[in-house]
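Chain nomenclature is as follows: A, B, C and D, assigned in order of appearance, with residue numbering initiated at 1 for each chain independently.
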Amino acid sequence: MEPLNIAVVGLGRMGKRHVHTLVYRVPRARVVAVCTTDKNEIEWATNNEEYKDFGIQVYSNYDEMLGHRGLHAVWISTSTDVHASQSLAAIAKGIHTLCEKPLSTDLAEAQYVVEAAKCNPSVKVMAGFSRRFDASYRDAAEKIYQQEAIGIFVDCAIHNIDLSLWYLGNPVPKACWAAGTLQHHPELKDLSDVDNVVGVVEFRGGKIAYFYCSRTQAHGHDVSTEITETNGKLMVNVIPNQNNVVLADKLGMKHEVQPEYWQRFEDAFALEANEIVEAIVKNKELPLSLGTGITVMKIGQALQQALLTGEVTRVNESGERLN
Amino acid sequence: MEPLNIAVVGLGRMGKRHVHTLVYRVPRARVVAVCTTDKNEIEWATNNEEYKDFGIQVYSNYDEMLGHRGLHAVWISTSTDVHASQSLAAIAKGIHTLCEKPLSTDLAEAQYVVEAAKCNPSVKVMAGFSRRFDASYRDAAEKIYQQEAIGIFVDCAIHNIDLSLWYLGNPVPKACWAAGTLQHHPELKDLSDVDNVVGVVEFRGGKIAYFYCSRTQAHGHDVSTEITETNGKLMVNVIPNQNNVVLADKLGMKHEVQPEYWQRFEDAFALEANEIVEAIVKNKELPLSLGTGITVMKIGQALQQALLTGEVTRVNESGERLN
Amino acid sequence: MEPLNIAVVGLGRMGKRHVHTLVYRVPRARVVAVCTTDKNEIEWATNNEEYKDFGIQVYSNYDEMLGHRGLHAVWISTSTDVHASQSLAAIAKGIHTLCEKPLSTDLAEAQYVVEAAKCNPSVKVMAGFSRRFDASYRDAAEKIYQQEAIGIFVDCAIHNIDLSLWYLGNPVPKACWAAGTLQHHPELKDLSDVDNVVGVVEFRGGKIAYFYCSRTQAHGHDVSTEITETNGKLMVNVIPNQNNVVLADKLGMKHEVQPEYWQRFEDAFALEANEIVEAIVKNKELPLSLGTGITVMKIGQALQQALLTGEVTRVNESGERLN
Amino acid sequence: MEPLNIAVVGLGRMGKRHVHTLVYRVPRARVVAVCTTDKNEIEWATNNEEYKDFGIQVYSNYDEMLGHRGLHAVWISTSTDVHASQSLAAIAKGIHTLCEKPLSTDLAEAQYVVEAAKCNPSVKVMAGFSRRFDASYRDAAEKIYQQEAIGIFVDCAIHNIDLSLWYLGNPVPKACWAAGTLQHHPELKDLSDVDNVVGVVEFRGGKIAYFYCSRTQAHGHDVSTEITETNGKLMVNVIPNQNNVVLADKLGMKHEVQPEYWQRFEDAFALEANEIVEAIVKNKELPLSLGTGITVMKIGQALQQALLTGEVTRVNESGERLN
């Protein structure tokens, strides 16, 4: 069996981690190239002993990299503004594409990638909603589908609209409202942005999701979710842990919290990469459709509009904003 | 020292518990009378051995009961519609009054009780926000006041607007919105009521509270609160427990949850009763002002209006609704 | 109904707490007297406003106190060396007696109290194994008795031999061994004593108990128990808590631990006192037999002997030591 | 860089998992062969699509397998009785060896492997104490070494003598005792074996370890450890979890427990394999010395002798048994 030859584009924190995951956790994959336009990152990668050990070539030009001999797939981990154009370029060359979410901040551009994927059915294209691959969230999904019905979805964290679609059975939104506050980052004031925000989405059919998102968490990465059902509730990660150690001293009992998203979701990223690579290698369906990302973006923009205007954003049955 | 002679009005579940608390946990108090118009409750109380042991007289007429010789105070635990009239009657006779919240569902009537209390400064009048007396919430309050500032308040439970006022430093509301769903109690439909609701209150000064309230909790009484601060967060009771026992069997690890409000807050009720009785006996200030209850009611009504209309309810700087 | 008139002997930390519990939590009891030979305690009690409020008389002589008019019962909370003589004096005068454990460090003397109690069946005499009245331990006992059989008992704390008898169904010991270390209190070296000790008791019938006892716990009062059953295990208080508050900050997540035995078992002491007072007032059987205390002492002495000699202590079927 | 060619011997549950770990988690390794004498396992491996994909050859003869072209290392996961002979055969051929613990149940035979390893310093030989590679245990070790001193070590699980040596700083044992019971497996009676056992080891220098080991755990894999220090204690995994999901329903709150050793320690096995492979490939020191395994065996045998004889086993300063 020949491994899948992959190039990782973007060598920021997440790009490096994608390389690590593909090398260490995905035996059917082989990272053959990385690409970055950042001079420091180029230097770092060029001198990296591990990259040399595994034969990873360093490119500074994306188009050149797409021409790497035998390249099968790209992992796009660049800044959001080039996600769509890099995806389109790869799709055009028949190269399978995993692009970090969101595909674009512009809905029309994102939709264009979806269309390009539809026109090239032999090319696998996916946006990376990694939480779908987390063992705890998958376990919760199984338990939810065993239950009768779902009333209310609760998630106190950023980037979780996708979970509400997953767990509530792809409901259609009806109205939403949001309120925010700027506590830590006065520099965001001129951007009309906030650092702590609460949002509520009312879906058709009596389902509700609410979100609390914060840019700052002193104690580490804390993403918790509650799903209320008719017969009880499910909680995912309400008490986050770094590991299984508890320290008892004169201050009481203490445990540490995973410092970042990565430590919490490292296994999910590995599972996601393995499932994608297997789908490509064995020509199976990808675990997640591109369209989901578009729906998530629409809800996110409706919440953002509510935050900026202070008014309720209303949505019709086709999911189009009415105001 | 002479004990404080107290009558408990209303002998429903909570009325009986107030009698128990005053008898078993408040040595400076003596329950001398109870009053109820319900025939079953009258019979139950008349035949109750414990009530006989402690010399508790049973009345079916509230005004007669107010004339009980040597009566110092009443504990009003009747249905909300008579809270105000019973409070006013007691205050008029110079009898100290603890009234369960809310004083009334009618804001004007509640305000009238506040005025009556102001006109009779020697009579102690308090509305029972028992959660203020809970050891965990008090501990949280102390920890909050040690911190710099508070950004966002989170509480996933009913009856907790008061906590947001306490913890956020009596902020003035600006706008609120709510969304609800009816999942379990179709009989509430004609009343335009819901059984699960999410509400958000935006306060002036960049503080936000959000609430999730449910009429149904399969697993027991589950009231949890999160308070976000600049340097971290405080969580109260996110994993509720019946006691300290964990059972490990083939299903995993399990602990039971307090079945009702009472088991969770029994100690708070005892502390509340002791602090009130001491305030009366030693003529000290009551631990909670009546005005707080009025503010809580105003916010509750604004949220209710938002729920019914689907529109944002806006409030001016004096706390008056603008729509 | 006349309350039970009680005198509390000994006004150290626990004596004061017994007074508080009887006053605040036991409505059928009235504390009429306290007794101590310690000058500071006498002065403290004489000037105590609360004691005056509740009409508590202060004695410095135990025999005089036993002659207090209308005295029904004594709560003995003095040093262990006078437990037996004070109990005997009270029993001789027909006064009900609650004595803190152990009745004596001398088995013969303890047995003498048991005999005196037997000869005066109208006098209620009990040794205070307060943990039997703790809600969590009672809940565990109920769950244990619902199960088929019990294999191994695990308890990592001091004073818990009684629990092993309770939960394992009063088994007869067969052999035991112990090992200790002196880490914090070099002054104990001359007394051949240790500050951390592990002991194992093998009972007849394939049941085993093991104990870990420490004189020092930096993080607060930490008493945990595990009971292994054929179908799982029960854990009591493996993660001790001061209350329901969790603080998340840059160090991670932290909760405080009850600082002392009292905070953990305050409710148990109140329940114990209420059950004893009710047994006396209504002439019902006491919740705990005196003989249990003797069995506990025998096992404790066998463990102590093992610790001092380094040899296994063996016990015959009648519970008598063989070496 | 050429990967390390490895053969896995034994294809029971753990053997299969070693293959999986080496393929999926250790990019510098390549599994080139497996070996088993079990017909079902041979058939299973021969037909395994994944093994074909990764080019893994199946052997039924160990010596033949040792002759596999380009083989660098073996992972021995067979029954304990052939651990030593298979290790010796591999060492003799200059093949690096990872052998599951214990090297042998016979101390002399185990010592012989240690000698063989010493005589072939270019061959890396290690016994697999996988818990040393677990993130939680490593975190605990770091925290312990930051503290002043260690008093008592507590571990309620099987296979943990090694942890006591690690955490207590390689102490020398002095005496030990054990007691066991047979509750679930009557078939073990003729073998004088038990299914639940408690053991205590007293080390020189005032350090103590105690162990509780059970063959049966209804609720899943439950390995917990407590380490008492002068300033507090450390707890590892006292509340075991399958993942981050908590389910609240009418029975209370429940979480699942990892079903087996593997789910708890999968990451540790991966880290262990990566560290060993790196040590071999880069010719660095192995993370664990073979001698540690010998010391662990000696303590295990002393405890076993105590269990069978009912007497205290005593050990001299060189670690030799005195009785």
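For the reader, a short list of remarks on this structure follows.
Simple rule for what comes next: a contact is a pair of C-beta atoms (placed from the backbone, for glycine too) under 8 Å apart; a residue touches a chain by one contact, two chains touch by 3 or more.
By chain, UniProt protein names: A, B, C, D = Gfo/Idh/MocA-like oxidoreductase N-terminal domain-containing protein.
What you see is a predicted model; the values in this text were computed from it and never measured.
The minimum number of touch steps linking subunit B to subunit C comes to 1. Two chain pairs, A-D and A-C, are weighed by contacting C-beta pairs, with A-D ahead.
Chain centre most remote from that of subunit B: D (centre = mean of CA atoms).
With each centre defined as the average position of its C-alpha atoms, the distance from subunit A to subunit B rounds to 43 Å. Our note on geometry: subunit A versus subunit C, Cα centroid distance of 57 Å, whole angstroms. Centre-to-centre separation between subunit A and subunit D, using Cα means, comes to 38 Å. Shared contact sites, meaning residues of subunit C that touch two or more other chains, fall at 218-219, 222, 231-233, 238-240, 242, 246, 248-250, 256. Taken in their complex, subunit B has these residues touching subunit C: 1, 23-28, 52-55, 135-136, 139-140, 143, 231-238, 240, 242-250, 256, 274. Within the complex, the subunit A residues that touch subunit B are 149, 151-152, 154, 156, 175, 177-184, 196, 198, 200, 202, 206-208, 210, 212, 214, 216-219, 222, 226, 228, 230-233, 238-239, 310-312.
Remark: subunit C residues 218-220, 222, 239-240, 242, 246, 248-257 touch subunit A in the complex.
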